[in-house]
Amino acid sequence: MAKEIKKIGVMTSGGDAPGMNAAIRSVVRTCAYHNIECIGIYRGYDGVIEGDYKPMNARSVKGIINKGGTILKSARSDVFRTVEGRKKAYNNLSKAGIDALVTIGGDGTFTGALIFSKEFNFPVIGIPGTIDNDIYGTSHTLGFDTALNTVVEAIDKIRDTASSHNRLFFIEVMGRDAGHIALNTGVGAGAEEILIPEEDLGLDRLLESLKRSKQSGKTSSIVVVAEGDKIGKNVFELRDYVEEHMSYYDVRVSVLGHIQRGGSPSCFDRVLASRMGVKAVESLLKGKSNYMVGLLNNKMELTPLKQAIKGKSTINLELLRVSDIMTT
Amino acid sequence: MAKEIKKIGVMTSGGDAPGMNAAIRSVVRTCAYHNIECIGIYRGYDGVIEGDYKPMNARSVKGIINKGGTILKSARSDVFRTVEGRKKAYNNLSKAGIDALVTIGGDGTFTGALIFSKEFNFPVIGIPGTIDNDIYGTSHTLGFDTALNTVVEAIDKIRDTASSHNRLFFIEVMGRDAGHIALNTGVGAGAEEILIPEEDLGLDRLLESLKRSKQSGKTSSIVVVAEGDKIGKNVFELRDYVEEHMSYYDVRVSVLGHIQRGGSPSCFDRVLASRMGVKAVESLLKGKSNYMVGLLNNKMELTPLKQAIKGKSTINLELLRVSDIMTT
Amino acid sequence: MAKEIKKIGVMTSGGDAPGMNAAIRSVVRTCAYHNIECIGIYRGYDGVIEGDYKPMNARSVKGIINKGGTILKSARSDVFRTVEGRKKAYNNLSKAGIDALVTIGGDGTFTGALIFSKEFNFPVIGIPGTIDNDIYGTSHTLGFDTALNTVVEAIDKIRDTASSHNRLFFIEVMGRDAGHIALNTGVGAGAEEILIPEEDLGLDRLLESLKRSKQSGKTSSIVVVAEGDKIGKNVFELRDYVEEHMSYYDVRVSVLGHIQRGGSPSCFDRVLASRMGVKAVESLLKGKSNYMVGLLNNKMELTPLKQAIKGKSTINLELLRVSDIMTT
Amino acid sequence: MAKEIKKIGVMTSGGDAPGMNAAIRSVVRTCAYHNIECIGIYRGYDGVIEGDYKPMNARSVKGIINKGGTILKSARSDVFRTVEGRKKAYNNLSKAGIDALVTIGGDGTFTGALIFSKEFNFPVIGIPGTIDNDIYGTSHTLGFDTALNTVVEAIDKIRDTASSHNRLFFIEVMGRDAGHIALNTGVGAGAEEILIPEEDLGLDRLLESLKRSKQSGKTSSIVVVAEGDKIGKNVFELRDYVEEHMSYYDVRVSVLGHIQRGGSPSCFDRVLASRMGVKAVESLLKGKSNYMVGLLNNKMELTPLKQAIKGKSTINLELLRVSDIMTT
């Protein structure tokens, strides 16, 4: 039978995402609500290993619900990939009396959590925190909604210039191997074309589409390119290719970059983070382990970490069709 | 058998909401995609009656996806409540060759649409556009997500002052009879208490909660009050009551008002509007009538207008519990 | 000769304003730069009296340059208006070894500072922090620029609704007895009329102006009303008066309220605060006292506190003319 | 004596900047106010040459005060650099009865205006519109203030990630040969170091400064780099150099790019644009030509175009000192 849980550690790992602080706050306060001790662990798995722990109470997380980044810092840990590293982590957690972990991050984070949990029979629940939305078992990862708003606001600004100068802009957005950000912001910003890794448009069809757009009287165009898309080797080569073949276009590139990762979380992400933190702690208290909390059909649900890692968050192809219809 | 549809009218009615323009754009462009004529109808049902129509093509809706308000204007029509009004509306629609309507608005809008559609066997599909989220048959109405962000950003600003001066703020938010906006923004902004019409907290328990909050060391507090809440007669009397009973608090009121209705729509609302417009037009083309398009489990679904009007969009009580846990 | 200054106290008093934290940060870091000790004093003059002091170093003010409100809290103090209160304040400052004060606030704050400074020959430099811009000796007070942006963004949102519904909106903005916020935001938001205390338009001319605006084909209108304006007894009575006399208008009121006080400061306010903090500390180190630092012709200048309090920051009447030209 | 002016053309040229639309609006409405005809000229000098003109009245510029970009479009014209091009421009202006020009842009725009004006004795007044603030004769160019806010908001977001991951970020901002944007946003965003073309810090001193920053306990750092700075060949090589010499830093680069050019103008830029438009038109009506309107000591002043072009807008070196003090 599972050991009673009296002290929970909470940590963030991997790339930071808006809403992580709101999730930390929720974990800490849910612990307080249930009279469980809560320990903040700094710098991801490196902090777990090195014992970089600090007790947290309801006041410790005051005023952070609307802050980007993570007050617990984040890192990618090489040492945690070694048996020795995880052994040391376990020893330090035990010494500190920590009975269970809530780990906030993406699939790299969950992979580490799963291995560790099995090796030491240590209870772990994951909260999906990444702007990329590339996790199976939740319709939205923490930070995804905020990143979408950041991106469409940026594209709105770039469109001011594009339409003032009759230019074609290739705008690269984040998302790693997944096209969720590109697809949603492409539709949301009214992009003329959206290039995502899940659908190979091909350079020929891109050129054709841009020609059609030009002929239909559009004088400026926005193409949103997922960083994982491989239509050109990268967005700069894509620009060169198009400029070579469509000399009448003045083509520019904008790589939105790290602004997509930061910023005050949207209301959606704050509410989602609050719900996920409650669910994560209460799942641990009910003896659950090796699950990820997620939003499915607007409800909090658990998915085995193993599935969350291996599964694929599928792209909503209906949106590609919507984009096609909007730009004809 | 249903008459073939060759010309569709689109209109907005009732209170405006962010995303209405994105929905108009989507309706117009989906018509263009299917080689259907599209007619913009101005000023809601008054415009239907008076024949205030203008043909629209893909270019007519350029650059509006990110604009608040509605380029077709909106109004509440008294004349459309009369048989004569609706008769005249039908005659003018017929004269203009309009075969079907897409009507964007809330339950008042849909009630009018349903009566009209039945009287004249006129095909109508509704798109739920209101910040209040009080429509059955969709998890999100157009504008709701944007309004949530507008409200939490406003409360974040007020909290700067509240915590600098150790004050208690009652912040009234919109939502008519429903507490969706209050509940979500209350959680999202980390409010100490949330007052919604769906749950009668009672003045005594409010005072107790505020006392507890004070004793726990909090020096400032935010209480989010839904405009439909009846705990006090209104938010100003609520303030007076609390000041009388808790003299150590410096209490202020902020009625957020009409800023909640405007602004550039969030990415979520833009995508939702684009999807709804496609679904609305294509449903008409498939011979459907008297339905509302909605988002259910992240998919576009149809709900009979009758149900959409009579049904009740239920509040997510899980969120009240989350709020309680966050503030203990 | 003036005593050498080795320890400086910094405090905020009166209404909070965006940029106060940036000013605190600047004072603290300028002290560090000159190897002077810096003491944060909490809750304005109440804190001075009660000895609510905390040593601050360069790290204490990390990450606050972009935060609204004031980490030192603010308050209006009744006790400091008494001789006993000020005596106690002096004793506690002396006990703590504090040689001089930088006080951030408005004219109430400076009045207290001046009296205190004279009574005890205690060096004081003031930094003008108020959104109202009603201080003589500086073209911009801290927070004014940020408040202008907050207000025009709010009016932009309200205009979405106003123009969608053909409405007339009276929007009340802050500013106490001064019309600076109303005048600048009225021009910036393209208001049809601007009502400020410095210029009595008169109800008749307001009605005439609104009629002219209506006749010229405008279907919606925004009137910005300074809270200090006395054309109607208040903005709600103004609405009633206009509705009575111009029945064709659907008139609404929006009181923007406390959102104007908060929020992340604009770049302008952050730079201004940084400059003012440097100037304040270095003025004290040069033996100056009873001055306010201010921005005059883009340079940092000193104005005697006495003048800053008694002088009047004059309204830029050129702007009223610009507004008239823009709306004809 | 100068010919009476009855018809004024207005145009935008060069890179677009927030506030250009507000300036167009002001020119158009000031013409209406003085019963002067106003003609909008599209696509900069190319449009002047090709006769791409459209009459504008007060209604034509409705709802644009808060829009980024320029409704008149902008372009850089090669043909206008030829005598033939300018001859054709003059002929088309004459044919259209246009007596004078208001031209909104940067020094390239003014250079063309000056040559043209002298060749054909054609009255021209310039309005400085560029985010770079690199024009002599005005403390602020149109769009500068807005760009500063866009940049500090972007850096605030990037700092979330920087401090969550203990990273060093090089952030490249616009400004062409001038460091105004970098200097102001560097101070406003609390950057650890600011690299501008006007001051050669040198790579050695940059490394030293970063080392000192690291030793003082800072775990993350932001360096703002003006695009015109030549400390490294470009920001990417700068990164490589620093990574090579300071292996303990995880260095990232962000090129903010075109988001800096767009967006809704700040209140400051809207007011400035409104004032400048009035001054430009009324200066023409008073017989002035070959001047630029500018903001000097908060007043509208005229500067000969020749000086505006040749003069140099000097950087505020006080700000560099402020930055040094803030980061020690």
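Going by the order they are written in, the chains are A, B, C and D; count residues from 1 in each one.
To be clear about the criterion, a residue touches a chain if its C-beta (ideal position, glycine included) is under 8 Å from a C-beta of that chain, and two chains touch if they have at least 3 such contacts.
Everything numeric here is computed off the predicted structure, so don't read it as measured data.
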| item | value |
| --- | --- |
| Minimum number of chain-to-chain touching steps separating chain A from chain C | 2 |
| Cα-centroid distance, chain C relative to chain D, in whole angstrom | 28 |
| Averaged-CA centre spacing for the pair chain D and chain A, given as whole angstrom | 36 |
| Residues within chain C bordering two or more other chains | 156, 163 |
| Overall pattern in which the protein chains touch one another (line/ring/star/complete/other) | ring |
| Chain-to-chain touches, reported pairwise for every pair that qualifies | A-B, A-D, B-C, C-D |
| Complex interface listing, chain A residues touching chain D | 12, 15-16, 18, 20, 67-70, 73-75, 150, 154, 156-161, 163-166, 169, 252, 254-259, 261-263 |
| Of chain C, residues touching chain D in the complex | 25-26, 29-30, 32-33, 58-59, 63, 65-66, 139, 145, 148-149, 151-153, 156, 163, 184-185, 187-190, 216-217, 264, 266-268, 270-271, 274-275, 278, 297-298, 300, 316, 318-319, 321-322, 325-328 |
